[in-house]
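So the structure is just underneath, and the comments pick up after that.
As written, the chains take the letters A, B, C and D, and residue 1 is the first residue of each chain.
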């Protein structure tokens, strides 16, 4: 059965393309990793690029998927094998509007050790809500590490719970947000926080943000996001 | 009441724009952070950009503020919520002509640990005068970490005391100088010193500059600043 | 006796040129290091650039060598003194179609210490097959560290055994693959894995990929390689 | 008395300009640091830029100095206050033809700690001849750290002895060579070796090159230098 979906707003299309380019230019993703957004006209659909490096994505490469991660309409292309990360999170988390999956280098060491990722400064206050962990062995035994089935996607969504970020052991991380701008911001600052925290840990005991400080800083940042987006957009455009 | 201010010298306007671009290109600031200068015709005013990423600032974006950090004249724009950092320091420190507030990555680890930032080489001799620390909890309890009120700005200025730099726990740092060139230089080399000191600490006991060496080196650097500024200016221009 | 070789496929020539540029742009090689491919029409020959920095290689700089690493036809140019790395590996490993020799910075520390290079994430699953070590003192005593004779090349090939990578103490590393794309991928991700592993080791005990996970991830990556190659190709082209 | 000097060969002039740009582009120098060469027609003179950031140097900025570091002919410009580093080394070391003074970041930690800089791989075999140390307090007590007098220059030359590199505590390093290409190569690889050695030391006991290996590798590198120079030259040109 062919499913149809209404066209997404032109602004949303532009924002997801820009978001892909920003994530690449800010070194959150390289050839791998993906950004999706829940469809603005139909919450049971989401939009994401076809199987393509984020830095190369254009509006023509965007595909609409249902929440089982089946492409809507044309199915002749190759898609990200891990698209179930997105679909299953949208199912489990009605509050989530945008999802990033990445292998940001600074986050990998936190995923493979017991070190907890915690907010070292106000820019990453959102980490104060807690960072979840996903061990694919618990859900799938010996795999190729990829979340390539609905069941693995569901297990990941379960591990994520109500948190903004989940670290995936031996793989990377997935972040969620209520807008594309927010999830892009969270991806960039989760990685930066990780890099800074590693440095600080070598200098001695670290004073992290208290929960209340973190929550307040996160609320403030949500209102200042446009300033960062504007700069990142220009940087991504200049780099092309 | 609308307050008026005489126009600042054209050279000063150009210097603050260039300073913003240099701070961005040298990675001292990203989308966030700001540079201000005391008004050359009226010491009870200072000049700073409106709410904008430093890398994007032009002469048209500059605004004059009084020392209570109220914009002079037109008040229809959005301003940096932390402008009180600048106003309160200008009040408390008549010797200060320029201020930078930043989240330079290398400085964050020193702000959240007990490790002292000390001059590791002659380029950062100014650190020999001492580096102050600001714990916002002491002044404001559980905040969003931002210096968004006159009272918090005053507390920060008090923590700064007569030092050239104050590290702000879980946030960043603020530097002061007697010229735009000097405060830009201090911002860049405070960050570089932090990075080098972290590396050196891992190799064993570090021999820092003695106070006298540091003071003499700082005096020398103040006379060689033009060489660095000329290069940074070109680098910032080339990067645009 | 002048040996002749049939011309290689145009696509292969283009791929080896692009591969050289990618290795340079991704910082696996600098002025030094080389990439070779077994001749597609004659398995007793291989193709590699003349004595030239990889970033500067063009189709005109490619030379055909026999497996004793003698140039076929024209011998008036200067060649890499370490070409025996390539020839001797092609002799010992009929399965190998492409070879990279490099001094990637992240790999050097693993070559001069006892730290084992292991797969920290799925991207470098191929490391799960094991990483060999080469101590040139065992084969050649006190040398200039270069694999500049057939005997040293043979010793290196012996150390490599059936592994995908061999770390060369005080020198660099050599990687092999069944395609140019695969060996370029392995070179890039061996280096990235090394950098990430160093960071992770400082955070505490590291959970590496299990052999089965690594083997499965490697098989998956071999099918996703085109996505990375396409991006790297564009990045290398843009950087020129 | 005005001293005259014959014009240097056009090739030498071009090489010193290119060397300045390479040192900047490879991050060995920033706004500070300098490169000099002994005059090819008169060994009692040397050539160096006037007081200018190396990245900005052109042929017009080159000045001839006698070995007391007095400019020959025109003396109306500002010169590097540390030119005595160069003059005094040329006096003490008739074998030296080119000198670099720099603050390369990777070298600073080795200068302020007891960690010995040793050759970790063949590229920096020249370090096997030993790395000297200079403590300016021994020669000048409490200074501004700069080698700004003939006496301090002489003390530095004495510390250098017959070595290729001297680390200057709290300041930087000075390298010497028998050609511009060699001293530029040594500057770049001394810095890279320092960075790699710091990483390796964190992984455990390091196997350094033996003296004989280092000496042989250094002799080999001296013959392969042209390959690196050609690449660096292109990179420096492209970056302008």
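Everything that follows uses one rule, which is that a contact is a pair of C-beta atoms (placed from the backbone, for glycine too) under 8 Å apart; a residue touches a chain by one contact, two chains touch by 3 or more.
Note that the structure is predicted; figures quoted are calculated from it, not measured.
Most remote from chain D, judged by the distance between CA-atom centroids, is A. Different-residue interface: chain A and chain B share under half of the residue numbers found at their contact.
Fitting chain A to chain C on C-alpha positions gives a rotation angle of 90 degrees, to the nearest 5. Centres computed as Cα averages put chain B at a distance of 33 Å from chain D.
Averaged Cα coordinates give chain B a centre that lies 47 Å from the centre of chain C.
For chain A, residues that reach two or more other chains under the stated contact definition are 202.
Viewed as a contact network, the protein chains form a single closed ring in which every chain touches exactly two others. Annotation, chain-chain contacts: A-B, A-C, B-D, C-D (touch as defined at the top).
Contacts from chain A toward chain B in the complex involve residues 119-123, 125, 192, 195-196, 199-200, 202-210, 212-213, 216-217, 219-220, 224, 227-228, 230-232, 234. Across the complex, chain D meets chain B through its residues 30-32, 51-53, 55-56, 81, 103, 105, 108-115, 142-146, 169-172, 198, 201-202.
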